Structure formats: structure tokens, C-alpha cells
Amino acid sequence: MKKRKFGLTMSLILAAGTILGACGGGDTEEAEKEGTTGEKTEQEFSVAMVTDVGGIDDKSFNQSAWKGIKEFGEANNLAEGDGYTYLQSQSDADYTTNLNSLARKNYNLIFGVGFMMEESINEIAGQQKDYNFSIIDGAVDQPNVASILFKEQEASFLAGIAAGLTTESNKVGFIGGVTGAVIERFEAGFIAGVEAVNPDAEVEVQYAEAFDKAEMGQSIASKMYSSGVDVIFHAAGGTGNGLFKEARDLKQKNPDRNVWAIGVDSDQAAEGVVEIDGEEQNIIITSALKRVDVAVKDISEKAKAGEFPGGETSVYTLADDGVGLAPINDAVPAKADIEAKVAEFTEKIKNGDLEIPGTLDELKTFSLE
Amino acid sequence: MQMSSRMKNLLTPVIAVLLGVLVGTIIMIVSGYDAIAAYTALWNGAFGDVYFVGEVVRQVTPYILAGLAVAFAFKTGLFNIGVEGQMLVGWVAAVWVGVSFDLPRIIHLPLAVLAAGVAGALWAFIPGYLKARFRVHEVIVTIMLNHTALYVTNEIIRSVLSDGKERTDMIAESASLRSPFFEVLTDYSRMHWGITIAIICAIIMWFILEKTTTGFELRAVGFNEHASQYAGMNVKRNIILSMVISGVFAGLAGAMEGLGTFGYAAVKGGFTGVGFDGIAVALLGGNTAIGVILAAILFGGLKVGALNMPLEAGVPNELVDIIIALIIIFVASSYIIRWFIDRISKKGVK
Amino acid sequence: MEYVIEMLNIRKEFSGFVANDNITLQLKQGEIHALLGENGAGKSTLMNVLFGLYQPEEGEIKVKGETVKITDPNVANELGIGMVHQHFMLVDTFTVTENIILGKETTKGGFIDIKTAEEEVRKISERYGLAVDPQAKVANISVGMQQRVEILKTLYRGADILIFDEPTAVLTPQEIKELIQIFKTLIKEGKSIILITHKLKEIMEVCDRVTVIRKGKGIGTVNVSETNPTELASLMVGRDVVFKTEKTEANPAHEVLQVENLNVKDARGVQAIKNLNLSVRAGEIVGIAGVDGNGQTELIEAITGLRKAESGRVKINGKNVLNFSPRKVTETGLGHIPQDRHKHGLVLNYSVGENMVLQTYYQKPYSKSGVMNFKKIYDKARALIQEFDVRTPSEYTPARALSGGNQQKAIIGREVDRNPDILIAAQPTRGLDVGAIEFIHKRLIEQRDNGKAVLLVSFELDEIMNVSDRIAVIYEGEIVAIVDPKETTEQELGLLMAGSKKKEVGENANV
């Protein structure tokens, strides 16, 4: 859902633009895939995935899932394009076709990345009973489907701790992608985390209602920062790149200003680098990690070993490193405090002493006790 | 012999397609891909198996209707960029009826299809009215309404049709266009009865424009508003009517997705692209009913076949986007192609 | 050698069609030479050959005695040949000077030197009495002025020989007079002029010699002083032409169209028609004479329902139809030959047949229960094409492909065939050649003789004088006089149209 195959039909200019865009993308992504040929013949175990419309290089989700599959494939000496592969979807309508194509090519395990694929997996799994499927961020009740969910709230709770201890204005921002259960988990956990360490802090929440609108992310961030917010966390995919840009720009203009951002899904630290007077600074405190790659690898290994968790829902949590927090930026003044608090709460969460709220309703009744 | 203009109209898109394929081949060779393997994979992915044929038909169905929507408006002098938005409201309206009622199929299915048409019509009425009444350019209004439709339908799906979820329930069986017959025939593809609706609509469009008094008026207004007014036609009413009929086609395209392909409506982060591809389909099809069907088959085949290219030939499916874009460029610059045809046919004389 | 231009035995073909066949035209230094021919006779082709846009298949062109090859307009410019096109080629948002120097900019250090250019333009303008303001925006000056800018453009580029393509077609009578004055100044200053036209009056008035072509063939060159309009017309058309349209005494009966105290505003909201009264009776032709822009357009649009009137009454056969929709007005018994046939009269992309039923397509037998019967439509079209001598390859040909005269015949066929009680003809012969004009005048008189009412609006005094039974003179939105064509003169009408002599109209206006 992140990047849109926009109107190549809209006009000549757009059409030409698409050519260039598609050209560039195609070349780099596919360079490593050369030499692949058609039909998969060997009987060994093979695994594949179908991206959502964001594409394989979305710096988020799909990319992370592909990383897991690649690592699994390399570890097991599978050949790319034969033992493991991916198909990209250009629209929602492609999910079913892609899943079916992979099954027809005899891939043993096929991942569908994103809750949008729930219905397609449900349907194809019903038709292709000899193959195993797995849905990320969704739940499908079929004997040959393993559902993968994450406790995003635990990661974002830790991110909330970092934000709560870093803010000086006691104003913290949250930018959401599209309203929905997954992002709601991020939001609820984050707010809970901020409150846990800094009850005076306010959290300002705004949704961009898009995962692919960096310019919108930037304008939301700009408004938040100018209203006194000094730390913003995003769970908005590509929209979040606008947040980083705004934060970098503000830092560049005024290096003394207190401007921070927190990344999501993977460690986004590289996105926060600003060069000021020849010196590198970074405006990203940390990132709330959602280890899709870990989950994908885990399910693949289980399947290979004949222990495919079909019909089950696996929830990946802090306890099994399915979610987590990236290393804290050295430049953050409260780094030590943050690390201490993070360690303390991580322990509690892992023990089961503390249940982090996954919805805004649960947040209302949440207390540290 | 001078070539007849009909022949030229036919030849132009064909040459555009061939040129698109040719340039696409060059790009593939330059980038180090095996073009023959790529096109073989493209062909196999579109027509190599009954399953894929079914999927192509499934993709062609909304393309025909979106193309008809654009073509109809265009024939009457209007540029409906809002097919995407009208399609989205049609989609949600159809699913709404599909999930909310429990009726016999003979009533439920037509009702759901009708709801989609009406929703698309209402959505298209807005730019039609604004154009007729205040001379607001329909392109601007329809572009804006696309975004409005996207967010409005998302909100309806979240707060009305589901309980804060991203997706509605599946529609009732009685409202579904899905067909066990086609499923068996095409090895479980999602081909559905919608294709018959699409073809009927193409016939209807042709009939309205070419055979009816209304069509005579609509086309006249499209060609020359002043002369139409002089001839006693109600220009404003015809502008609105044209947009509304175009919107019905677009809304039905949404019904194809909602009642056929998907069986539900889901929150969308962006446009489906079908409405915009409809512009290309209409353009390539020369805004005629039969042309739209042929162009939709081509684009549908390319889109579905492209999915097979990375799998079978290791060629990125974006290449098909390039080819489609090239075809559009060549169609849009059909003036140049026509000029060439003229040159060649003239040379034949001497 | 006394000839500045000689085009000898020119032949030009377009894929089998001979547009110019053995035409010779010789232009003397300091003369105004007319090129006369019907629409489509090959005048423009010949001039485009001279201007370098076409290459002749055969023949020779000499400029000042030397054989030349004019391969493109730049060569023509260098040889001192300039052309003032019928459709001006000006950029509206540019100033006069900017338009004139376009493509031949004087620069100073890489920048356009507009000051020097303006000075130059001013000088030329004064020398030839053009009175053009070099700094005015083209969008803000009149059509007549724009034409002078075109003339300036050729002079600025050093033209000695000026070709004018139908220069008077777009001008008001006053502007035509001024243009003729400009011609005389140009000649005095040593220029030579070729005037493309089909208006005999103009030729008689200003030209020295005239070359006639007909259907692509050169008919010959005659001295204007030794000929007369009748001879020229028969040379052009190839048969004798009757100028004074033969007609019997009018036999007016009851009033068909009554306009009472009509007030209409124009598009800018200015009062264009003020308390206007007018009536047309069955069996008579009333001509409205006036200079363009005195409310003629608004009057017709208000009568026909195309424009909302402020107040007043328009009665057809006693029934008030003011502010009715155009269709209702039409159905009440009104036919309308519109002033602008391309804008209002025809859907150019529709076939001739479809255009023939533009007013009646929704009625039986052309349409039944909302479905068109194209067989009936084209049957009808064939009959009308025959009856009104519309020259078209077929009834399926797009109206766009027809010549102006044939388009007009198609419209007249359509309107007359509906047998309306009142026929409004606005500028029915504008831009048409003598043959077509004669045909149209006959048809209007025929309508009258059949007991119908006809209202004719024209800027051509000849036409008004010739065809009308009564003449109503319009000036600034009012009928200032009603005169009998037999008892008036062009001079008197001209004065009335200019508003300088207001005749007591009183009760007459209401007749």
C-alpha cells in the first residue's frame, strides 16, 4: 500500500515518468535475480512470498520479509528463483493471481505480506490444499495457513519510554499511517510508554490516512514541531520519510533546536543523518522494531522441519525477539536513563508482569501496576 | 489508392502497439534480459493456461467498463478523469447492498449491481452539474472527487460497513457474480459473470450514441455546444446526462470488483488504477465500443501476463508498465503515425 | 521591364486534382491588381505558390524581370513579397511592436531592443498613414487595426509587393473606406498590390487591372476602366449573372413577427437593444441595415431564444414567445439562418445528412420512441441536397468538408424546408461568391412569394437594397428609421446607419 502505481495513463509526461521510474527500479532490484529460469523442478523444500502493492523495496515490511526469506534460502543452500523467490503485486487484484501462480509452480510455503491478503490467502488455501501458506499481520483460519501477528505495542511502548524521557517540552507526537488495528496497536503502546515514564507529557496523534505520502508526513510533522512538539514517532511506512526530512531540515536550520524522531519496523537510523558544519548528527533516537524477517525465517524453518504451525496464529513478541527496540542514539542526553528504563520494562514485559495495551480501549484501563 | 479513414483509425492503434512492443524489446535487450523468454512468459502468463485466461477475463471486465465510462464522456466532449472515484463509490455501494440484505438471488444481485450504477452516477452528477451550471471544468472537479471518494469510501468501510476494521464481510452468496461454472471451466480463476454485463454495456453504449435521439444530442453537444443550443437542444441537461451515464459505467466497474473479483470492499491506501487505466483503454480503443473491448483485452492480458514474467523469465514486471506507457505515448502521438501512413500511402500512388 | 511580378503559365496539382492550370498573372509597378474568382477557383493556391508555400509543377516566376525559385516564405520575403492573410497571425497578448518584430527581432547585446523597434514601427506607421499605436496590446485593438498591424509587419520586413487575401471580409464599411485610403498611400509610396477578392464593387472602386480565374484556369486579364461588374461576374462564373434580383411587388398581409419594447443586454451586461419595436408581415422581406455591433446579433438572439431578454415582447403569429427555449420558438414557426454558420449553423463533424435534420431529428419520421431512423434521415438529406443544389460528394460527407457556399445552401435547405412562417436570415451571403449569393437571394424571395415573412440582417448595403421590401435601420440598439428601398439611396442609408441623421420614425416603426 505504500507506493502507488500511479497514473501512467494520466498523461504523456506521467507516462514518460513511469518509464524512467520503472526502469530504474527494475534494473537495481532485478540485477541479482539474473540467470533465473522458469519452472521449479527439484523436489526439495522451497519458499516464496507475494508482496503487497508497496513492492519489494519499500524499506519496510515487504523488504523485511524478503530479507528473512533470503537469509533462510542462503542458510539452506537454496537457489534464488528456484528454491526461493517473490512476486510483486501491482494492485489488490493481483494477490490471488500471484498466490495461485506460486502454488502452481510448486512452492511449498508461500507468504502473503500484509493483512490485505487475508481474503486471497483464505481462498487460495482452500483451493490449493497441498501447499502451505502464511499470512503476515493477519489471521486466516485454514489448516494449511500459519497466521503471523506481532505485539507491536510492546515495541512502541519502549519507543514511548524513549520519547517520554527525551522530550523537554513535554509534548510528543505520533503520526499514524492508515487507521486500522495494526497501527492502533502502535499508537496505544506508544502512549502508554510515554505516560509510564513522563505522566506530564501530552501525546498529539494524527493519521495521514496513507502509507505512501511523504509530503503529507512532512506537513503533519511541520505542524507538530512548530506547535512545540519535540519528539515524533511514526508508524506510517513511506509517509514517515516526510517526518525525517522535516526533522533534518529543522536541525540543519537551527542545530541547537531540540528536534527528534523515532523510526519504525526496521532500524531507520540511517534516515536521520544530518551534516552540520562538517559534523554528522542524527535526529533519530531509536526505532521500534517489528522483525518480520525473524518471523518469516522462523516459520520457514519450522515448515522445513515438518513442524509447520498450520491453523495456528503465532504471535511474535518482545520475549522471542519478534519485536524490539533499536540501539539508542548516542547523542540523546537521556540515553542512560532510557536504557535503564527500557531494560526495566523489558524485563517486566518478558516476565508477563506487565501487559501492554493493544487498543485504545485497553489503554484507558491501563496502569503500571 | 488513398487509404480510407476507417482503415487509418484501425491501423494507428495497431502500429502504436507494435511500436510499444518494439521499443520494449530494445529496452530489454539493452538491460540484458532475454526478450524472447520475456514475451513467452508474458504470453504463457496470459493465455498459456485456462486459469490465466480466466484471470485475464477477470481483469478485462472492469477495464471494459472503465474504458466505456471514459469513452462515453469523451464522445460527448467531456473528459471524465473521475472514473476511479466513481468506481470506488460503486464498489462500496454494491458491497453495501451485498452484505446488508438477505434476498433471493434474482432480486439481490440486480439490486447490488444497480446500487453500484446509481452510486457512480450520483458521484459523476456532481462534476456534470458544476460544469453545466457554473462552467467549472470537469477535469478539476473529477480529480478532486477521486480523492474525496477514496477517503469517503474508506471511512464508510471502517465505520459503517465494519466495526472499525479494514475490510467488510464477504457479500452474501445471493449478491455474488462469482460463478462455479466459470471456476470449474478455468481451474479456479476468479472469472465471473461480470464479463457479460461489461459486453452488454458496450453494446448499450454503442446503441445510445449511434442509434438514439439522446445520443444524437449528446454527440452534437460534444462537437458544438453553440450549434446544439441553436438547434434547440438543452445543452446543460445533456452535459449532466453525459456525465451521469459515464458514471453508471464507472460505478458498474466497481460492482465487478466488489461483487465479482473480491466479494468485499477493503480500505485502500491509494487508487486501484483501474479508473486511470480506463483512460488508456478508451484512448487506444478510439473511444468506440468495440475498440474499448479490444483495448481492454490487450491491457488485461498485459497486466495479468506481466505477473508471470519475473517467475518464468526473470524479467521485472515493471517492464510491462513501460510497454503500456510506450503504447500510450504512441497512441497519443498518433498524429505522427497518421502522418507516416499518409506518406507511405502517397508513395504508393507515385 | 515594367512588370515587378510575372507568374507565367503556372500549373499546380494536388494528388491528381489540378488546382491551377496554365495561369498567367503579371503585376505592374505601382498598380493595384485584382485576382478574381469564385470560392475554390484556385486564387489562394496561386498566391501560395507566389509566397513560396507551394511549388508549381510547371511555369515560371519572374521578379523584376529575373527568373526566381521561391522555395519558402523566407525567400519570398527576401524578394520583397509580403502577404496579409485573411486570418491574422498575431499573438493576442503581445503588443503591436512585439508582434511586428516577431521572428525578426532587433537585438542589442543579446536583449531585444524594443525601443528602437517601436520607433521604427512608429515611423512606418506615420509614413503610410496607418495610425497604429506601437505599444497597444493586440487583444485591445479593433479588427481593422489588427489588419493594419499585419500590413505593418510586411512593410517592416521591407515588402514592395503586398498580397491581400480577402481583406475586406472582416471589416466594417467605415474600415473598408480607410483601407482603400491606405491602398492609395501604399501605391503612392511605390508599392504594388495584389488583391484577392470576389467582390466586384471593390475591384471597380480601387483596382487598375483584374485577372480572372475560373475552376483553376486563367480566363484572362482586363483593364478595370474597360469593363463593368456584369462582364466581370460572367467571366468569373462562366455564365450571365443577374445582379438586380428580379422580384415582383410585395404583397404584405397580416403581421407574423412583432417585436415590442424589447430590451436586451449583451454578454458584458451593456444595454444592446433599447425599447426596440419592429414588425414583419407575411409576404414581405424586411431588411435590417446597420453597421456591425449595433445590436443586430442581440436582437436576433433574443427573438430566437438564444439570449434572455430583459423585457418586452416577441410575438409570432400573435403568440408571445419571449424567453422561450430555442426549440419552442422554432416549433412556433420560426426558421433561422444564423450569422455564424460554423459556430451556430452546423455541427461540422456531423455528416451533411445529420445536419439536415438538426432542427427536426427528434420528430417523426426521423426518430421514433427515442431511436433514430437514419434511413429516413438520409433519404430526406438526398432530396434536400438535390433541391438546394448542395455540392457534396455524398450525404454522408462531414459538413466540415464542404465549401462555405455549400454549407450555407445546406442550412438554407434545412430551414426553408421546415416551411417556417417567419424566416430570419442573418448575413446569409457572407463570404460567398456571386453564384451562391444569387441562389440564396432567389430562395429568400421565393419564401416571400409563398406568403412567408422574412427578416434579413446584413451589413452589405447592396444586399439590403436589392432584396428587402422595407428597410429598418438599426443604430445603437434602436430602429432609427424605416425606409422604402425604392425611395432611398445608399448615401441616405449610410448616414442613417452612422446615426448622423435620425429620421422621424414615430408610428412607422410599429407598422
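Observations on the structure shown:
A, B and C label the chains in the order they appear, each numbered from 1.
Everything below uses one rule, namely that contacts are C-beta pairs under 8 Å (C-beta built on N, C-alpha and C of every residue); 3 or more make two chains touch, one makes a residue touch a chain.
Worth saying up front: this structure is predicted, and the values here are computed from it rather than measured.
Distance between Cα centroids is largest for the pairing of subunit B with C.
In terms of Cα centroid distance from the overall Cα mean, chain B ranks first. We define each chain's centre as the mean of its Cα atoms; on that basis subunit A and subunit B are separated by 33 Å. Subunit B and subunit C have Cα centroids separated by 46 Å. Our note on geometry: subunit A versus subunit C, Cα centroid distance of 72 Å, whole angstroms. Across the assembly, subunit A contributes no residue that touches 2 or more other chains. Not a single residue in subunit B touches at least two other chains.
Not a single residue in subunit C touches at least two other chains. Across the complex, subunit B meets subunit C through its residues 2, 211-216, 219-220, 223-224, 226-234, 346, 349.
Within the complex, the subunit C residues that touch subunit B are 15, 304, 306, 325-328, 330-331, 336, 338, 343-350, 354, 358-359, 361-362, 367, 370-372. Contact residues on subunit A toward subunit B in their complex (touch as defined above): 1-2, 4-10, 12, 15-16, 18-19, 22-23, 25-27, 29-30, 33-39, 53, 81, 85-88, 90-94, 96-98, 100-102, 104-105, 115-116, 118-119, 127, 177-181, 209-212.
Within the complex, the subunit B residues that touch subunit A are 27, 31-32, 37, 41, 45, 49, 51, 55, 58-59, 81, 151, 154, 158, 164-167, 170, 188, 190, 257, 261-264, 266-274, 276-280, 283, 303-304, 306-308, 310-319, 321-322, 324-326, 328-329, 332-333.
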